[in-house]
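Given below, in the form of structure tokens, are the structures.
Shared between the two complexes below is subunit A, which pairs with subunit B and subunit C, respectively.
Entry: the complex of A and B
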């Protein structure tokens, strides 16, 4: 009896917290191409959820199914507990900010924003009020009468955002929201976008191929490949504890040593690789003799001219490439096995003396919690 | 070769750019502007039985310029001409309207058809052009006559016992006109609709617009350029159309083309015919010029 009660309670709380629930969603094109393959997901209220993946991974198809432009081959979509799988786009309380915006070219900024409100048959004064407040929110009050083509890329982006927020959707979909902007503008717009979304408090699902964009904007990310989720987690979880070689390689830069588990103890393991022996300061789910990959991020490696003490977690090589980025420098170290080790060093001092140059011998070392052991 | 020779001959006078521009200009001048001026001149001259009188004469050290406006005044005062102009424009408007309501769905479905089907559909629209225009209009005669295919079929099927009069009515005229000019409406509409950004339609749907409303609020306004281009291509030539009213229209059909023909070939009154032609050109040009001016203003908004 008591157990049943708690179960019921859990179900109830699930309903309240999860705004969006996707169950076994599948989309098959032309009878055989699986664009989205049996995907399940829950998104909590107020969350900004990022779908990250390279082009063709199915993220856009998934977003289009949420918007209602594509009919799923299989599976269900629930919004606030209600099954919306078969609702047409114009009946869903979901709005989308389109890639490169899709602003209506024949309508002014004002009319673009008011478009959705008018369809709802809202009273004129209320529309006035709402549009004015949105124009204020995106700081475009002066541009209300302009046509979209008379605006800059950044301004168009804000019109698109205002238009998608106008109807106070339960869920906001963002399709590559910053994709059409240049790099400098992107950084400032990113923060602005997050501020506005947080101010409004709307739940978002965001699609992007840009991992930086996904990491900075999203509270949780799903990495997609070939129609399914490889890993779902917070940005730092995905970066620091990727669950596969694919993810480790896809998100950020990484060096992967291939080796075999030697000692396997609850508090540490050692992995023997041709380049060096790794001492990993935590236990893993595996056994000795198992082949694994040991991933080390370039920024977690320290480069020095003196040979490190101890027998673990260092290797020696020759500097073959130097890429200077201003804030940091990336060195390519050729190890004796031929493996190229990427090392990133902060340029803490302006003094460039004492740095490394092409052909230098150098020692790379890292500590025993810097590594990720990848079993697949 | 020829052009190169011409160019080397003109080189001292014209730069390459001026030469290139001068070719179409010369063409337009010789085949459009000059003929219109000749027609204008004839319309302002007196008729000497069967030849056109000179506009000016030089006698006794006096240059006499005689501009004869009587034909124009006659056109304005004679009820028949005014009626003819009105009815011609009426037919042209009616034809444009029918071509638009038939052509728009046609072009729309062509533009939304699967990509590999589109060339074939375009071919089907253009197929009639492979046969002479005149032959195709004649072919309609054999269909619409009292003893034609349609009447014979209806009698055979027992729906009617007497042939119904289709030929030489307003109806047969409209069938011929719409049939002949429909492709000119479909082609510009198609080329406009096929380029339309379908994401705009999705955006409209996303903001709560039903498909039917999306059509009126997005597709139609966004295809305005195509509607205008198609309507112009149909309206302008149908105002002065001669062959179709002559072959398919009834005896009561009032039409500028036929009036022109009569003035030239039956009455031999060249200046009257020219005056009618000039008025017709003005009637078409003026609204177009006004329209263009308005158009170029709003055009800036959509294309750039």
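Entry: the complex of A and C
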């Protein structure tokens, strides 16, 4: 009885926390191009939800349906429990920050930010107050009178952010918010963006094709491919337990061994590959004789000059490439089968004594919990 | 070597373009009634012009026509451009190339076909008489095509995301136009107006087909006088026409270069501020 009650309570609160709910959303262009294919999703209040995927996978289309610029071919969109599928963009309590910012070139920074507030017929003093506080928030106070073309890329980005926050939307959509900035600026802006969003406390759906950006900014990520979601989860879930080769490969660096399940026991499995035999310290959903991929991330591999003990989870090769990154070094190890194994080692000492040079023979080994067995 | 060649080539082209016009203007100040022999400087032909009822009526009519047809062309041209750029529909490609048709069709054909249409209209409806209205229709017809080309290219280069952003921030479609699209295409509308204005002001062919008694535009007056024999007074009229057209062109280029300079100044200012 009590258990039932708490369950019910949980369900209720869950329902309330769901700000955005998408049901079976589909968009077909010109009768044949399936840009978004039967996508369902819920986003909780206060969440920063990342949509990650390669170019052309339908991220922007999904976002544009949320904003109201595209009419879904099928499916429904609910915001705070209300069906907004057929509302025009100007009636949705949603604002968007555009990829190229889309700042109005004929208006000053101040007027750009005030634009949405004026459409709502807000009182003059109120607008004043709100714009001033937004300018302060994005630290652009002294640029208020400038036109967008008189600003640097980073400043324009902040104006766009301020403008999209001005109306205090229930949901903020960001299409590649940092896409137009150069690498160095991106990193600092990323933190700034998260700080501002968290300060305002707005729920966000963010589109990016940069996986690092998605991992740092988002609380949850959906990885998209060809219009549908491959996996939805927190950044570490997606990184540590990808559910397919595609995701393992897409998120971060990975070595994938192709092999066949040999022993299949509840507490461990062994996978025979041409390069070596893997001993995986947990059970998998599969059966012996099944062909699988075993993924090992480069940073989970240890390189040594002495032959490891035991017969599992190690292989031997020749160092063919070394890339020094300061904090770590990436080695390419050519195995007997011709497979190139990527290995990443922390540079623990200053003089790289005991390190490897080109042509060295080396042994790579890894822990029996370091692997991911991919059945798809 | 190539540099001198290039320069002399350029000079030759400009001379070729401008010598006839300069000669024409110079000889409008010639005291002798013979068009080819210079005697002394005089303004008497201009004085005569001022008393020439036909010419004054022609100038007034032409200015009126040019203004009205410029306005109409910009209006219709903008509608056309919007339809072509913003909406996708069946037969879009065909229609968009058809909109450019009047630009490449010989004026004579356009004039002739319009005349035929108007004549049969008049036979059925008893309206319109050939006159100001019919010429205006013809000029606006041609001008719309020109204006549409100018506005289409401006709309194409304008980021449609701007209109979406406006809608996103709460603008209804009409507000999107008045608050964002219109201010951004104003320069194109001004150039389109000046272009269609001059197009109408110096048109002979369409006017010849479509004019009626009492609606002789300035170029028609010049044309008919010239056929009676050259006289310095025609030079004077032509000089006046050139002046009007040049003013339109100069105004438009000053307008554009001012806008450009303003932009450069602002950018420079921003740059200086940034370096402080």
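Odds and ends about this structure:
Keep this in mind: the second predicted complex is superposed on the first by the 363 of 376 C-alpha atoms of A that agree within 3 Å, B and C clash if a C-alpha of one lies under 4 Å from a C-alpha of the other, contacts with A are read in each partner's own complex, and residues count from 1 in each chain.
One rule holds in what follows: a contact is a pair of C-beta atoms (placed from the backbone, for glycine too) under 8 Å apart; a residue touches a chain by one contact, two chains touch by 3 or more.
The shown structure was predicted, so the numbers you read here are calculated from the model rather than taken from an experiment.
Because the two structures share subunit A, they can be overlaid on it, and in that overlay subunit B clashes with subunit C.
In the superposed model, A:300 makes contact with neither subunit B nor subunit C.
Once the two complexes are laid over each other on the shared chain, residue contacts for A:149 go to subunit B and to subunit C alike.
By the touch criterion defined above, A:120 lies against subunit B and subunit C together after alignment on the C-alpha atoms of chain A.
By the touch criterion defined above, A:76 lies against neither subunit B nor subunit C after alignment on the C-alpha atoms of chain A. In the superposed model, A:98 lies in contact with both subunit B and subunit C. In the superposition on chain A, A:167 contacts both subunit B and subunit C.
With the contact threshold set out at the top, residues 67-69, 88-90, 94-96, 98-99, 102-106, 115-116, 119-120, 147, 149, 163-164, 166-167 of subunit A are in contact with subunit B in one structure and with subunit C in the other.
Residue ranges on subunit A touching subunit B, taken from their complex, read 67-69, 88-91, 94-96, 98-99, 102-106, 115-116, 119-120, 147, 149, 163-164, 166-167. Against subunit C, the residues of subunit A that register as touching in their complex are 67-69, 88-90, 94-96, 98-100, 102-106, 115-116, 119-120, 146-147, 149-152, 163-164, 166-167. Per the touch definition, subunit B reaches subunit A in the complex via residues 197, 199-200, 202-211, 213, 218, 221-222, 224, 301-302, 304. Across the complex, subunit A is touched by residues 159, 161-162, 164-172, 175, 179-180, 183-184, 263, 266-267, 269-270, 274 of subunit C.
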